[in-house]
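Chains here go by letter, A, B, C and D, matching the order in which they are written, and residues are numbered from 1 within each.
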Amino acid sequence: MPHIELEYFAQLGDVAGRRAETRETVAGTAAALYDELRKDYGFALPSERMRVAVNAVFRPWDQELHDGDHVVFIPPVSGG
Amino acid sequence: MPHIELEYFAQLGDVAGRRAETRETVAGTAAALYDELRKDYGFALPSERMRVAVNAVFRPWDQELHDGDHVVFIPPVSGG
Amino acid sequence: MSRFLIVDTLADISSFRESLTRSEAGGFCSFEGWVRHTNDGRSVSGIEYVAFIPLAMSEGQAILDETQARFDITTSLAMHRTGYLEVGDIAVWIGVAAPHRDAAFRACRYVIDEIKKRVPIWKREHYVDGCVEWVACHQDAESGHVPNRMDESPETRV
Amino acid sequence: MSRFLIVDTLADISSFRESLTRSEAGGFCSFEGWVRHTNDGRSVSGIEYVAFIPLAMSEGQAILDETQARFDITTSLAMHRTGYLEVGDIAVWIGVAAPHRDAAFRACRYVIDEIKKRVPIWKREHYVDGCVEWVACHQDAESGHVPNRMDESPETRV
(Lines give C-alpha, C1' and ligand atoms only; values in the text may rest on other atoms or scores of the structure.)
Protein backbone atom coordinates (compact mmCIF):
# COMPACT_ATOMS: atom_id res chain seq x y z
CA MET A 1 0.00 0.00 0.00
CA PRO A 2 1.20 3.55 -0.69
CA HIS A 3 2.52 5.60 2.18
CA ILE A 4 1.18 9.15 2.40
CA GLU A 5 2.71 11.94 4.48
CA LEU A 6 -0.03 13.91 6.21
CA GLU A 7 0.13 17.21 8.09
CA TYR A 8 -2.78 18.55 10.11
CA PHE A 9 -3.45 22.25 10.68
CA ALA A 10 -5.78 24.20 12.95
CA GLN A 11 -8.74 22.24 14.29
CA LEU A 12 -7.83 19.15 12.26
CA GLY A 13 -4.69 18.81 14.35
CA ASP A 14 -6.67 19.14 17.56
CA VAL A 15 -9.29 16.60 16.51
CA ALA A 16 -6.78 14.11 15.13
CA GLY A 17 -4.60 14.56 18.21
CA ARG A 18 -1.48 14.91 16.08
CA ARG A 19 0.25 17.38 13.77
CA ALA A 20 1.54 14.85 11.26
CA GLU A 21 1.59 11.16 10.42
CA THR A 22 2.68 8.71 7.76
CA ARG A 23 -0.30 6.64 6.74
CA GLU A 24 -0.61 3.45 4.73
CA THR A 25 -3.78 3.72 2.71
CA VAL A 26 -5.61 2.21 -0.25
CA ALA A 27 -7.29 5.59 -0.94
CA GLY A 28 -6.45 6.40 -4.55
CA THR A 29 -7.53 10.03 -4.52
CA ALA A 30 -7.44 12.99 -2.15
CA ALA A 31 -11.23 12.74 -1.76
CA ALA A 32 -11.07 9.07 -0.76
CA LEU A 33 -8.30 9.78 1.71
CA TYR A 34 -10.28 12.56 3.35
CA ASP A 35 -13.30 10.25 3.66
CA GLU A 36 -11.08 7.71 5.36
CA LEU A 37 -9.75 10.32 7.80
CA ARG A 38 -13.25 11.59 8.59
CA LYS A 39 -14.24 8.04 9.56
CA ASP A 40 -11.10 7.51 11.64
CA TYR A 41 -10.95 10.89 13.42
CA GLY A 42 -14.47 12.27 13.11
CA PHE A 43 -13.48 15.49 11.29
CA ALA A 44 -16.62 17.61 11.19
CA LEU A 45 -15.84 19.65 8.10
CA PRO A 46 -17.26 18.32 4.83
CA SER A 47 -14.89 18.36 1.87
CA GLU A 48 -17.01 21.10 0.23
CA ARG A 49 -15.64 23.46 2.91
CA MET A 50 -12.08 22.28 2.50
CA ARG A 51 -9.31 22.43 -0.04
CA VAL A 52 -6.50 19.97 -0.51
CA ALA A 53 -2.82 20.49 -1.20
CA VAL A 54 -0.61 17.73 -2.57
CA ASN A 55 3.12 18.34 -2.33
CA ALA A 56 2.36 21.92 -1.28
CA VAL A 57 0.25 22.79 -4.33
CA PHE A 58 -3.53 23.18 -4.36
CA ARG A 59 -5.05 20.25 -6.26
CA PRO A 60 -8.54 19.07 -7.20
CA TRP A 61 -10.24 16.50 -4.97
CA ASP A 62 -9.91 13.80 -7.63
CA GLN A 63 -6.12 14.19 -7.61
CA GLU A 64 -4.53 10.74 -7.67
CA LEU A 65 -2.19 9.97 -4.80
CA HIS A 66 1.12 8.23 -5.10
CA ASP A 67 3.53 6.68 -2.67
CA GLY A 68 5.41 9.39 -0.77
CA ASP A 69 2.98 12.22 -1.57
CA HIS A 70 2.66 14.94 1.06
CA VAL A 71 -1.01 15.80 1.64
CA VAL A 72 -2.55 18.65 3.62
CA PHE A 73 -6.28 19.17 3.96
CA ILE A 74 -6.95 22.88 4.28
CA PRO A 75 -9.79 23.98 6.55
CA PRO A 76 -11.22 27.48 6.01
CA VAL A 77 -8.36 29.91 6.50
CA SER A 78 -8.41 32.74 9.03
CA GLY A 79 -5.25 34.74 8.48
CA GLY A 80 -5.06 38.47 8.07
CA MET B 1 -13.24 103.97 2.13
CA PRO B 2 -12.79 100.60 3.88
CA HIS B 3 -9.33 99.08 3.97
CA ILE B 4 -9.12 95.40 3.04
CA GLU B 5 -6.17 93.16 3.78
CA LEU B 6 -5.46 90.94 0.78
CA GLU B 7 -3.21 87.92 0.47
CA TYR B 8 -2.42 86.32 -2.89
CA PHE B 9 -1.60 82.65 -3.35
CA ALA B 10 -0.26 80.57 -6.22
CA GLN B 11 -0.64 82.14 -9.67
CA LEU B 12 -2.56 85.11 -8.26
CA GLY B 13 0.58 86.19 -6.44
CA ASP B 14 2.66 85.84 -9.59
CA VAL B 15 0.19 87.80 -11.72
CA ALA B 16 -0.36 90.53 -9.12
CA GLY B 17 3.36 90.74 -8.50
CA ARG B 18 2.85 90.70 -4.77
CA ARG B 19 1.94 88.35 -1.94
CA ALA B 20 -0.16 90.79 0.07
CA GLU B 21 -1.48 94.30 0.09
CA THR B 22 -3.78 96.65 1.99
CA ARG B 23 -6.31 98.07 -0.45
CA GLU B 24 -8.75 100.95 -0.17
CA THR B 25 -11.83 99.95 -2.07
CA VAL B 26 -15.49 100.83 -2.56
CA ALA B 27 -16.26 97.18 -3.38
CA GLY B 28 -19.00 96.17 -0.97
CA THR B 29 -18.83 92.44 -1.56
CA ALA B 30 -16.21 89.78 -2.22
CA ALA B 31 -17.51 89.45 -5.78
CA ALA B 32 -17.16 93.16 -6.46
CA LEU B 33 -13.65 93.18 -5.01
CA TYR B 34 -12.60 90.27 -7.22
CA ASP B 35 -13.97 92.08 -10.30
CA GLU B 36 -11.93 95.12 -9.32
CA LEU B 37 -8.77 93.00 -8.95
CA ARG B 38 -9.34 91.27 -12.29
CA LYS B 39 -9.48 94.68 -13.94
CA ASP B 40 -6.37 95.92 -12.14
CA TYR B 41 -4.19 92.81 -12.44
CA GLY B 42 -5.71 90.83 -15.29
CA PHE B 43 -6.40 87.66 -13.29
CA ALA B 44 -7.47 85.03 -15.81
CA LEU B 45 -9.56 82.87 -13.54
CA PRO B 46 -13.30 83.65 -13.49
CA SER B 47 -14.91 83.70 -10.06
CA GLU B 48 -16.81 80.50 -10.92
CA ARG B 49 -13.49 78.67 -10.66
CA MET B 50 -12.53 80.40 -7.42
CA ARG B 51 -13.59 80.42 -3.81
CA VAL B 52 -13.21 83.25 -1.36
CA ALA B 53 -12.19 83.27 2.29
CA VAL B 54 -12.91 86.23 4.57
CA ASN B 55 -11.02 86.25 7.83
CA ALA B 56 -9.81 82.72 7.08
CA VAL B 57 -13.30 81.23 6.65
CA PHE B 58 -14.86 80.22 3.33
CA ARG B 59 -17.68 82.65 2.51
CA PRO B 60 -20.17 83.15 -0.33
CA TRP B 61 -19.32 85.59 -3.09
CA ASP B 62 -22.02 88.03 -1.91
CA GLN B 63 -20.33 88.27 1.48
CA GLU B 64 -20.25 91.93 2.57
CA LEU B 65 -16.84 93.32 3.31
CA HIS B 66 -15.98 95.57 6.23
CA ASP B 67 -13.03 97.72 7.12
CA GLY B 68 -10.12 95.58 8.24
CA ASP B 69 -11.40 92.33 6.72
CA HIS B 70 -8.75 89.88 5.57
CA VAL B 71 -9.65 88.48 2.15
CA VAL B 72 -8.08 85.61 0.20
CA PHE B 73 -9.25 84.52 -3.23
CA ILE B 74 -8.66 80.81 -3.56
CA PRO B 75 -7.67 79.48 -6.98
CA PRO B 76 -8.19 75.76 -7.66
CA VAL B 77 -6.15 73.90 -5.07
CA SER B 78 -3.46 71.37 -5.94
CA GLY B 79 -2.30 69.87 -2.67
CA GLY B 80 -1.97 66.19 -1.91
CA MET C 1 12.93 37.26 -4.52
CA SER C 2 9.61 36.59 -2.87
CA ARG C 3 7.67 39.69 -1.93
CA PHE C 4 5.36 37.72 0.35
CA LEU C 5 7.07 37.17 3.66
CA ILE C 6 6.13 34.93 6.55
CA VAL C 7 7.86 36.13 9.68
CA ASP C 8 7.92 34.61 13.15
CA THR C 9 9.29 37.61 15.02
CA LEU C 10 8.37 41.25 15.45
CA ALA C 11 8.55 42.79 11.99
CA ASP C 12 10.44 45.96 11.08
CA ILE C 13 7.77 47.66 9.03
CA SER C 14 9.90 50.76 8.46
CA SER C 15 12.27 48.67 6.40
CA PHE C 16 9.39 47.11 4.45
CA ARG C 17 8.09 50.55 3.59
CA GLU C 18 11.57 51.79 2.73
CA SER C 19 12.06 48.89 0.32
CA LEU C 20 9.06 50.07 -1.73
CA THR C 21 10.16 53.66 -2.38
CA ARG C 22 10.43 54.39 -6.11
CA SER C 23 10.92 57.74 -7.81
CA GLU C 24 8.19 56.89 -10.35
CA ALA C 25 5.62 56.25 -7.61
CA GLY C 26 3.39 59.12 -6.50
CA GLY C 27 1.07 57.22 -4.17
CA PHE C 28 1.70 54.66 -1.46
CA CYS C 29 -1.01 52.77 0.39
CA SER C 30 -0.36 50.43 3.28
CA PHE C 31 -2.58 48.27 5.41
CA GLU C 32 -1.86 46.72 8.79
CA GLY C 33 -3.90 44.17 10.66
CA TRP C 34 -3.58 44.58 14.42
CA VAL C 35 -4.55 42.16 17.20
CA ARG C 36 -7.65 43.63 18.84
CA HIS C 37 -8.43 43.36 22.52
CA THR C 38 -11.92 41.93 22.07
CA ASN C 39 -13.73 39.47 19.84
CA ASP C 40 -17.53 39.19 20.00
CA GLY C 41 -17.42 40.92 23.37
CA ARG C 42 -14.86 38.55 24.90
CA SER C 43 -11.51 39.87 26.08
CA VAL C 44 -8.61 38.59 24.01
CA SER C 45 -5.14 38.25 25.51
CA GLY C 46 -3.45 37.26 22.28
CA ILE C 47 -3.67 35.40 18.99
CA GLU C 48 -1.59 32.51 17.74
CA TYR C 49 -1.05 32.25 13.98
CA VAL C 50 -0.08 29.00 12.30
CA ALA C 51 0.78 28.74 8.61
CA PHE C 52 1.31 25.91 6.19
CA ILE C 53 4.42 27.75 5.19
CA PRO C 54 5.41 26.50 1.70
CA LEU C 55 1.88 26.85 0.34
CA ALA C 56 1.24 30.11 2.21
CA MET C 57 4.36 31.59 0.62
CA SER C 58 3.52 30.46 -2.91
CA GLU C 59 -0.14 31.47 -2.62
CA GLY C 60 0.84 34.84 -1.15
CA GLN C 61 3.30 35.43 -3.95
CA ALA C 62 0.62 34.43 -6.48
CA ILE C 63 -1.65 37.09 -5.01
CA LEU C 64 1.06 39.74 -5.36
CA ASP C 65 1.75 38.65 -8.95
CA GLU C 66 -1.96 38.86 -9.79
CA THR C 67 -2.07 42.30 -8.19
CA GLN C 68 0.84 43.49 -10.29
CA ALA C 69 -0.89 42.26 -13.46
CA ARG C 70 -4.34 43.58 -12.56
CA PHE C 71 -3.57 47.09 -11.30
CA ASP C 72 -1.30 49.87 -12.53
CA ILE C 73 1.12 49.69 -9.64
CA THR C 74 4.87 50.04 -9.30
CA THR C 75 5.62 47.47 -6.62
CA SER C 76 4.15 45.72 -3.59
CA LEU C 77 5.15 43.72 -0.54
CA ALA C 78 3.23 41.77 2.07
CA MET C 79 4.18 40.21 5.39
CA HIS C 80 2.22 37.84 7.61
CA ARG C 81 3.22 36.90 11.12
CA THR C 82 3.19 33.47 12.68
CA GLY C 83 3.49 32.55 16.35
CA TYR C 84 1.95 34.13 19.41
CA LEU C 85 0.97 37.80 19.09
CA GLU C 86 -0.18 40.10 21.85
CA VAL C 87 -2.86 42.75 21.66
CA GLY C 88 -1.59 45.59 19.48
CA ASP C 89 0.90 43.47 17.57
CA ILE C 90 0.94 43.58 13.78
CA ALA C 91 -0.41 40.37 12.26
CA VAL C 92 -0.23 41.45 8.64
CA TRP C 93 1.39 44.31 6.72
CA ILE C 94 0.82 45.20 3.09
CA GLY C 95 2.36 48.05 1.13
CA VAL C 96 1.69 49.11 -2.46
CA ALA C 97 3.41 51.91 -4.39
CA ALA C 98 1.82 53.17 -7.61
CA PRO C 99 1.99 56.12 -9.98
CA HIS C 100 -1.49 57.21 -8.86
CA ARG C 101 -3.47 56.78 -5.69
CA ASP C 102 -6.49 54.93 -7.05
CA ALA C 103 -4.46 51.90 -8.07
CA ALA C 104 -2.51 51.99 -4.80
CA PHE C 105 -5.68 51.85 -2.71
CA ARG C 106 -7.46 49.25 -4.81
CA ALA C 107 -4.44 46.98 -5.11
CA CYS C 108 -3.75 47.13 -1.37
CA ARG C 109 -7.37 46.24 -0.66
CA TYR C 110 -7.23 43.38 -3.13
CA VAL C 111 -4.15 41.90 -1.46
CA ILE C 112 -5.62 41.82 2.04
CA ASP C 113 -8.96 40.48 0.78
CA GLU C 114 -7.27 37.66 -1.11
CA ILE C 115 -4.93 36.82 1.76
CA LYS C 116 -7.94 36.35 4.00
CA LYS C 117 -9.66 34.15 1.45
CA ARG C 118 -6.85 31.99 0.17
CA VAL C 119 -3.62 31.90 2.13
CA PRO C 120 -3.38 28.85 4.41
CA ILE C 121 -2.90 30.62 7.71
CA TRP C 122 -5.07 30.01 10.74
CA LYS C 123 -5.46 31.89 13.96
CA ARG C 124 -6.29 30.69 17.44
CA GLU C 125 -7.53 33.24 19.90
CA HIS C 126 -6.43 33.18 23.50
CA TYR C 127 -9.06 34.69 25.74
CA VAL C 128 -8.45 36.35 29.06
CA ASP C 129 -10.73 33.72 30.65
CA GLY C 130 -8.21 31.03 29.67
CA CYS C 131 -10.08 29.59 26.66
CA VAL C 132 -8.19 28.95 23.46
CA GLU C 133 -10.13 28.55 20.23
CA TRP C 134 -9.46 28.26 16.52
CA VAL C 135 -11.25 31.22 15.16
CA ALA C 136 -13.10 30.29 12.02
CA CYS C 137 -14.09 26.76 12.83
CA HIS C 138 -14.21 26.13 16.52
CA GLN C 139 -17.98 25.70 16.40
CA ASP C 140 -17.72 22.84 13.95
CA ALA C 141 -16.01 20.41 16.22
CA GLU C 142 -18.82 20.84 18.69
CA SER C 143 -21.91 20.95 16.52
CA GLY C 144 -20.86 19.06 13.44
CA HIS C 145 -22.39 21.66 11.15
CA VAL C 146 -20.89 24.56 9.29
CA PRO C 147 -22.07 27.82 10.82
CA ASN C 148 -22.69 30.88 8.71
CA ARG C 149 -20.03 32.75 10.56
CA MET C 150 -17.47 30.67 8.76
CA ASP C 151 -18.67 32.05 5.46
CA GLU C 152 -18.60 35.59 6.58
CA SER C 153 -15.56 35.25 8.79
CA PRO C 154 -16.59 38.05 11.12
CA GLU C 155 -13.91 36.82 13.46
CA THR C 156 -11.23 37.87 11.06
CA ARG C 157 -12.34 41.26 12.21
CA VAL C 158 -10.48 43.59 9.95
CA MET D 1 -5.84 69.04 19.55
CA SER D 2 -5.84 69.35 15.78
CA ARG D 3 -5.28 66.08 13.96
CA PHE D 4 -4.55 67.85 10.69
CA LEU D 5 -0.97 69.01 10.69
CA ILE D 6 0.85 71.35 8.34
CA VAL D 7 4.56 70.77 8.62
CA ASP D 8 7.43 72.63 7.00
CA THR D 9 10.17 70.11 7.70
CA LEU D 10 10.76 66.42 7.07
CA ALA D 11 8.00 64.60 8.92
CA ASP D 12 8.50 61.71 11.34
CA ILE D 13 5.81 59.39 10.03
CA SER D 14 6.71 56.64 12.51
CA SER D 15 5.53 58.86 15.32
CA PHE D 16 2.32 59.71 13.44
CA ARG D 17 1.56 56.03 13.01
CA GLU D 18 2.46 55.30 16.63
CA SER D 19 0.06 57.98 17.82
CA LEU D 20 -2.85 56.13 16.19
CA THR D 21 -2.37 52.71 17.81
CA ARG D 22 -5.47 51.64 19.77
CA SER D 23 -6.24 48.26 21.29
CA GLU D 24 -9.79 48.41 19.91
CA ALA D 25 -8.55 48.90 16.33
CA GLY D 26 -8.03 45.82 14.14
CA GLY D 27 -7.24 47.56 10.87
CA PHE D 28 -4.98 50.45 9.96
CA CYS D 29 -4.77 52.05 6.53
CA SER D 30 -2.31 54.75 5.60
CA PHE D 31 -1.68 56.73 2.46
CA GLU D 32 1.38 58.70 1.45
CA GLY D 33 1.77 61.08 -1.46
CA TRP D 34 5.31 61.12 -2.79
CA VAL D 35 6.98 63.59 -5.13
CA ARG D 36 7.38 61.83 -8.46
CA HIS D 37 10.29 62.33 -10.81
CA THR D 38 8.16 63.10 -13.86
CA ASN D 39 5.01 65.00 -14.77
CA ASP D 40 3.52 64.64 -18.26
CA GLY D 41 6.85 63.30 -19.43
CA ARG D 42 8.90 66.22 -18.10
CA SER D 43 11.56 65.59 -15.49
CA VAL D 44 10.75 67.13 -12.14
CA SER D 45 13.49 68.18 -9.75
CA GLY D 46 11.18 69.10 -6.89
CA ILE D 47 7.84 70.55 -5.84
CA GLU D 48 7.15 73.59 -3.73
CA TYR D 49 3.99 73.56 -1.63
CA VAL D 50 2.38 76.73 -0.35
CA ALA D 51 -0.57 76.75 2.04
CA PHE D 52 -3.00 79.38 3.26
CA ILE D 53 -2.26 77.98 6.68
CA PRO D 54 -5.14 79.03 8.97
CA LEU D 55 -7.79 77.96 6.47
CA ALA D 56 -5.88 74.84 5.41
CA MET D 57 -5.73 73.75 9.04
CA SER D 58 -9.40 74.36 9.74
CA GLU D 59 -10.54 72.79 6.46
CA GLY D 60 -8.28 69.80 7.02
CA GLN D 61 -9.61 69.34 10.52
CA ALA D 62 -13.17 69.62 9.16
CA ILE D 63 -12.40 66.77 6.75
CA LEU D 64 -11.14 64.59 9.59
CA ASP D 65 -14.21 65.40 11.68
CA GLU D 66 -16.51 64.49 8.79
CA THR D 67 -14.56 61.28 8.31
CA GLN D 68 -15.00 60.36 11.96
CA ALA D 69 -18.76 60.97 11.70
CA ARG D 70 -19.23 59.20 8.39
CA PHE D 71 -17.20 56.02 8.85
CA ASP D 72 -16.88 53.53 11.70
CA ILE D 73 -13.31 54.40 12.56
CA THR D 74 -11.36 54.70 15.78
CA THR D 75 -9.07 57.62 15.00
CA SER D 76 -7.27 59.39 12.18
CA LEU D 77 -4.46 61.84 11.51
CA ALA D 78 -3.26 63.71 8.45
CA MET D 79 -0.16 65.73 7.66
CA HIS D 80 0.62 67.96 4.70
CA ARG D 81 4.01 69.40 3.94
CA THR D 82 4.82 72.92 2.87
CA GLY D 83 8.06 74.23 1.43
CA TYR D 84 10.40 72.77 -1.16
CA LEU D 85 10.30 68.98 -1.50
CA GLU D 86 12.65 66.82 -3.52
CA VAL D 87 11.77 63.75 -5.55
CA GLY D 88 10.83 60.94 -3.15
CA ASP D 89 9.84 63.24 -0.29
CA ILE D 90 6.49 62.75 1.42
CA ALA D 91 4.06 65.52 0.57
CA VAL D 92 1.07 64.13 2.44
CA TRP D 93 0.50 61.37 5.03
CA ILE D 94 -2.83 60.05 6.21
CA GLY D 95 -3.47 57.31 8.73
CA VAL D 96 -6.77 55.79 9.83
CA ALA D 97 -7.31 53.13 12.50
CA ALA D 98 -10.65 51.30 12.64
CA PRO D 99 -12.19 48.19 14.13
CA HIS D 100 -12.53 46.66 10.65
CA ARG D 101 -10.59 47.09 7.45
CA ASP D 102 -13.38 48.27 5.17
CA ALA D 103 -13.91 51.47 7.13
CA ALA D 104 -10.16 52.03 7.42
CA PHE D 105 -9.67 51.86 3.65
CA ARG D 106 -12.72 53.91 2.75
CA ALA D 107 -12.07 56.61 5.33
CA CYS D 108 -8.42 56.96 4.30
CA ARG D 109 -9.45 57.32 0.68
CA TYR D 110 -12.07 59.89 1.61
CA VAL D 111 -9.52 62.01 3.45
CA ILE D 112 -7.04 62.22 0.56
CA ASP D 113 -9.80 62.85 -1.99
CA GLU D 114 -11.21 65.70 0.08
CA ILE D 115 -7.80 67.19 0.80
CA LYS D 116 -7.17 67.39 -2.92
CA LYS D 117 -10.53 69.01 -3.54
CA ARG D 118 -10.81 71.48 -0.70
CA VAL D 119 -7.71 72.29 1.29
CA PRO D 120 -6.06 75.55 0.19
CA ILE D 121 -2.64 74.23 -0.67
CA TRP D 122 -0.97 74.78 -4.01
CA LYS D 123 2.04 73.20 -5.58
CA ARG D 124 4.58 74.58 -7.97
CA GLU D 125 6.68 72.14 -9.92
CA HIS D 126 10.34 72.74 -10.53
CA TYR D 127 11.47 71.06 -13.72
CA VAL D 128 14.96 69.86 -14.46
CA ASP D 129 14.96 72.21 -17.48
CA GLY D 130 14.71 75.16 -15.09
CA CYS D 131 11.02 75.99 -15.55
CA VAL D 132 8.86 76.58 -12.51
CA GLU D 133 5.10 76.31 -12.85
CA TRP D 134 2.02 76.33 -10.67
CA VAL D 135 0.55 72.96 -11.34
CA ALA D 136 -3.17 73.26 -11.71
CA CYS D 137 -3.39 76.62 -13.39
CA HIS D 138 -0.25 77.49 -15.25
CA GLN D 139 -2.07 77.29 -18.58
CA ASP D 140 -4.55 79.97 -17.57
CA ALA D 141 -2.14 82.81 -17.31
CA GLU D 142 -1.11 82.15 -20.89
CA SER D 143 -4.37 81.36 -22.60
CA GLY D 144 -6.92 83.11 -20.46
CA HIS D 145 -9.25 80.13 -20.54
CA VAL D 146 -9.84 77.37 -18.07
CA PRO D 147 -8.57 74.09 -19.46
CA ASN D 148 -10.29 70.82 -18.71
CA ARG D 149 -7.23 69.52 -17.01
CA MET D 150 -7.96 71.85 -14.14
CA ASP D 151 -11.19 70.00 -13.48
CA GLU D 152 -9.60 66.64 -13.57
CA SER D 153 -6.36 67.71 -11.96
CA PRO D 154 -4.30 65.01 -13.63
CA GLU D 155 -1.25 66.89 -12.48
CA THR D 156 -1.99 66.07 -8.87
CA ARG D 157 -0.94 62.69 -10.06
CA VAL D 158 -1.74 60.47 -7.10
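The criterion applied here is as follows: a residue touches a chain if its C-beta (ideal position, glycine included) is under 8 Å from a C-beta of that chain, and two chains touch if they have at least 3 such contacts.
Not measured: the values here are computed from a predicted model.
Novice: Between subunit A and subunit D, how many steps is the shortest route if every step has to go to a touching chain?
Specialist: 2
Novice: Measuring centre to centre with CA averages, how many angstrom lie between subunit B and subunit D?
Specialist: The mean C-alpha positions of subunit B and subunit D differ by 24 Å.
Novice: How big is the gap, in whole Å, between where the Cα atoms of subunit A centre and where those of subunit B centre?
Specialist: Centres of subunit A and subunit B (C-alpha means) sit 73 Å apart.
Novice: Taking the mean of the C-alpha atoms as each chain's centre, how many Å separate subunit B from subunit C?
Specialist: Distance between chain centres: 50 Å.
Novice: Roughly how far is subunit C from subunit D, going centre to centre by Cα mean, in whole Å?
Specialist: 27
Novice: Spell out, as numbers or ranges, the residues of subunit D touching 2 or more other chains.
Specialist: If we look for residues of subunit D contacting two or more partner chains, we find 33, 112, 158.
Novice: Once the touch criterion is applied, which pairs of chains come out as touching?
Specialist: A-C, B-D, C-D
Novice: Inside the complex, what are the residues of subunit C that reach subunit D?
Specialist: Residues of subunit C touching subunit D: 14, 21, 23-38, 87-88, 97, 99-101, 104-105, 108-109, 112, 157-158.
Novice: Over in the complex, which subunit B residues touch subunit D? Could you list them?
Specialist: 7, 9-11, 14-15, 44-46, 49, 53, 56-58, 72, 74-80
Novice: Can you check the complex and tell me which residues of subunit C touch subunit A?
Specialist: 33, 49-52, 54-56, 58-59, 80, 91-92, 112, 115-124, 134-138, 140-141, 143-146, 150, 153, 155-156, 158
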